[in-house]
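Order of writing sets the chain letters: A, B and C. Residues in each chain are counted from 1.
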Amino acid sequence: MSDATPAFAPLPRLRLTPAFLIGATLVGLHVVVGLLTLIWTPYDPTAMTGGRLAPPSLAHWAGTDRLGRDLFTEIMIGARIALSVGIGAVAIAAAIGVTVGLLAAFASRAVDDVLAATLDILIAFPTLLLAMLIVAASDGASLGTAILAIGIAASSIVARLTRILARRVLAMDYITAARVSGTGWLGIVRIHVLPNIWPTLIVNFALQFGLAVIAEASLSYLGLGAPPPNASWGRLLQEAQATVYTAPFGAIAPGIALVSLVIGLNLFADGLRDVADPTRRRR
Amino acid sequence: MSLIDLAAVSFAYGRGRKVLDGVDLSIEAGRNLGIVGESGSGKTTILRLLLGLAQPTSGKVTFRGAPLDPRNRPFMRGFRRSVQAVFQDPYSSLDPRQKIADIVAEPLRSLNVETDIDAAVAGALASVDLPPDAAGRYPHEFSGGQRQRIAIARAIVSEPELVLADEVVSALDLTTRIRIVELLKSLSARTTLALVSHDIGFVALLCQDLVILEKGRIVEQGTARDILSSPKHPYTQRLLASTPRLPEFA
Amino acid sequence: MADLLTIENLTIRHVGRPLVSDVSLSVAAGERVGLIGESGSGKSLTALAAIGLLPDGMTASGSIRLSDREVIGSADRDVAGLRGTAVATIFQEPLTALDPLMRIGKQIAEAVRRRAHRDGRSVDVQAEVLGLMVRVALPDPARLARAYPHEMSGGQRQRAAIAMALACRPSLLIADEPTTALDVTTQAEVLTLLETLVREENMGLLFISHDLPVVGTAVDRVVVLRAGEMVEQGPIAEVFGRPRHPYTLGLVEAARAFDQAIGAAL
């Protein structure tokens, strides 16, 4: 059984499973739409372009909101906001989380114990609650504070994962060999630790991305997200709440947008996981 | 001339029991040393001390007469270049995501050795009988024995004076093992070897001098010939008697 | 005398690729047979097939008779009845066979109870456990019975695993690299123990190892496997004394090289 598949392959090729393709397509669609809004939208998002709470029609694919604005335009802009929140929050979570996680992994036993306990406590707080506290403690609700809050809240999870993954790598003989070769700690991180943990981290980032999108929608729904006119899906949902019986499409349309992006991200992450985690790779 | 000396070295983790207790040994240039012990003998700790990866609780570790000081960077750079190591598990000692060329070149790059790196890597791979095209491949493409050759190539690329080898053949098949022994034998013309192992037969094939460890103490040391032909300490006698040998068949 | 285990023309395939081809061997009561090979030789697979525990996705063809029952093609529950009665197995790493959360005495007791239940007899479990621990030369059995596996040394754990195997009163013992994880001095003791037990209980022993000198001292007959194929088989004096196949000769010469280094002085 010695010629079984090795535990690690250098740079595993993406296998295009149907789930991964569906996920990538959904995410890609949102990205295209989000980028498109930078140069073009069907209507001016702030203009009242039709009757109030109009049902979907050829002119207004998703109908209009209670001020007569085109809902499809708002949902398209919502995609851009969701993606920027996801990218921003994951970037912050990655920067803080990977740094803290690596520090903990390299730290002395005592420092590591303190860091690990702190992370465990932070993780016990729901991301949303933590984000709400951070938004409440800052000057006021804005897209920036929402991104910062969600990013910081997610960083504890990234930090804990990084710490575990890095510890596993640091226990390998090739780290001892690197020390004997005179490689310093920074070199060890750059040459050995990061390349060996990034596949798993990337998968986690994709999952964190989806969670960040949901968290931002929730914050906006609670009125703690970006103020108008940068309408996020959460705000659209909240605005549609009062009229959900008379104009259900005002809630359904942003709901579909939110769910399709999150499902897409999760399928995408699962597909990546199959590649990154050799134990899940089938023949 | 001695390369590394341990003088009255003891080692304990925290306030725990002593893993090593009053160990004196020296590695002489040109004389391969075998450090033999079973689990719990402290041989792994000795290896870490010899490599400067751990500091003794008491006693001194010196390289060419000067104490090993991790804070003295220029000194440590010279030490690292002169003292290299090969480890037991060839599956864990090579970074799976690095190409062989980068793995073998690591000591040269990390120690800023001014040399033609590609040529040095090619030379090291040739010394361990691996084809030149191995440089562009990844560890998982190689068998256990070949991986151990790659690890040996990394250990000799900086042309060290001493190579420490930790149980380098115990994870290998018998036929592969004997080929690695041949390789190490040919290398000992260029560098001194210190072999840490539980396997007295392997060590005896390559070493002029032996140190026998039991529970953190040296129970016997001397030339391999003397110790193998007339072991003095009861533990050495038991170790030799326990080592399984293929019976002679008439 | 009837063979305890007869393997005839065993071929094991995985996705069409043969891992073991056309292997035949037999073990009779009181006989010690070695299965020797390097990694990838298929020696452990052969042993797993013999007790009907091939990993999923592997198929066996040929014939394996264990206590006069055909293993290949039988439902697992039929073969399962043989494991722990007709045949017991010990592995390289006893920790994998021992429950880390159960005191060692209790684990042996369970094996004793299971066997007594199958035979429909009642036994003094406590006495039998202590008896078994004495038989495998575990020191201070009364105290050690209360120890957890992690509190014991590697050699003690392997002795405990042997005690559990003995509790099954098997007619055939399969030992897969039973001393590879042990220190040399402990290995010698465990090998002596196995030899004594096999002789006294008149068990059959199938001893699987990569280690020529160990096999050379532990068995009477040996089967040499290489890349899933049988290279040579016969009494050890013949196979190791006058190897006919170049592969066996290479193994013997390699082993002799290490032996000579230690010197024949002892």
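Please note the rule applied: a residue touches a chain if its C-beta (ideal position, glycine included) is under 8 Å from a C-beta of that chain, and two chains touch if they have at least 3 such contacts.
Just so we're on the same page, UniProt names per chain: A = ABC transporter permease; B = Peptide ABC transporter ATP-binding protein; C = ABC transporter ATP-binding protein.
Being a predicted model, the structure only gives us computed values, none of them experimental.
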Label of the chain whose CA centroid is most distant from the centroid of chain A: C
Chain ID, smallest distance between chain and overall C-alpha centroids: B
Rounded Å distance, chain A centre to chain B centre (Cα mean): 47
Gap in Å, rounded to a whole number, between the CA centres of chain C and chain A: 53
Chain centre separation (chain B, chain C; CA means) in Å: 34
Sequence positions of chain C contacting 2 or more other chains: 39
Two or more partner chains touched - positions in chain A: 2
Sequence positions of chain B contacting 2 or more other chains: 144
Sites on chain B touched by chain A in the complex: 51, 53, 76-77, 80-81, 83-85, 87-89, 91-99, 102-103, 106-107, 110-111, 138-140, 143-144, 151, 154
Interfacial residue positions of chain A with respect to chain B in the complex: 2, 6-11, 172-174, 176-184, 187, 191-192, 195-196
Complex contacts: residues of chain C adjacent to chain B: 38-39, 154, 183-188, 191, 210-214, 216-217, 236-238, 240-242, 250-252, 254-259, 261-263, 265-266
Residue ranges of chain B touching chain C (in the complex, touch as defined): 38-39, 144, 173-178, 181, 198-202, 204-205, 228-230, 238-247, 249-250
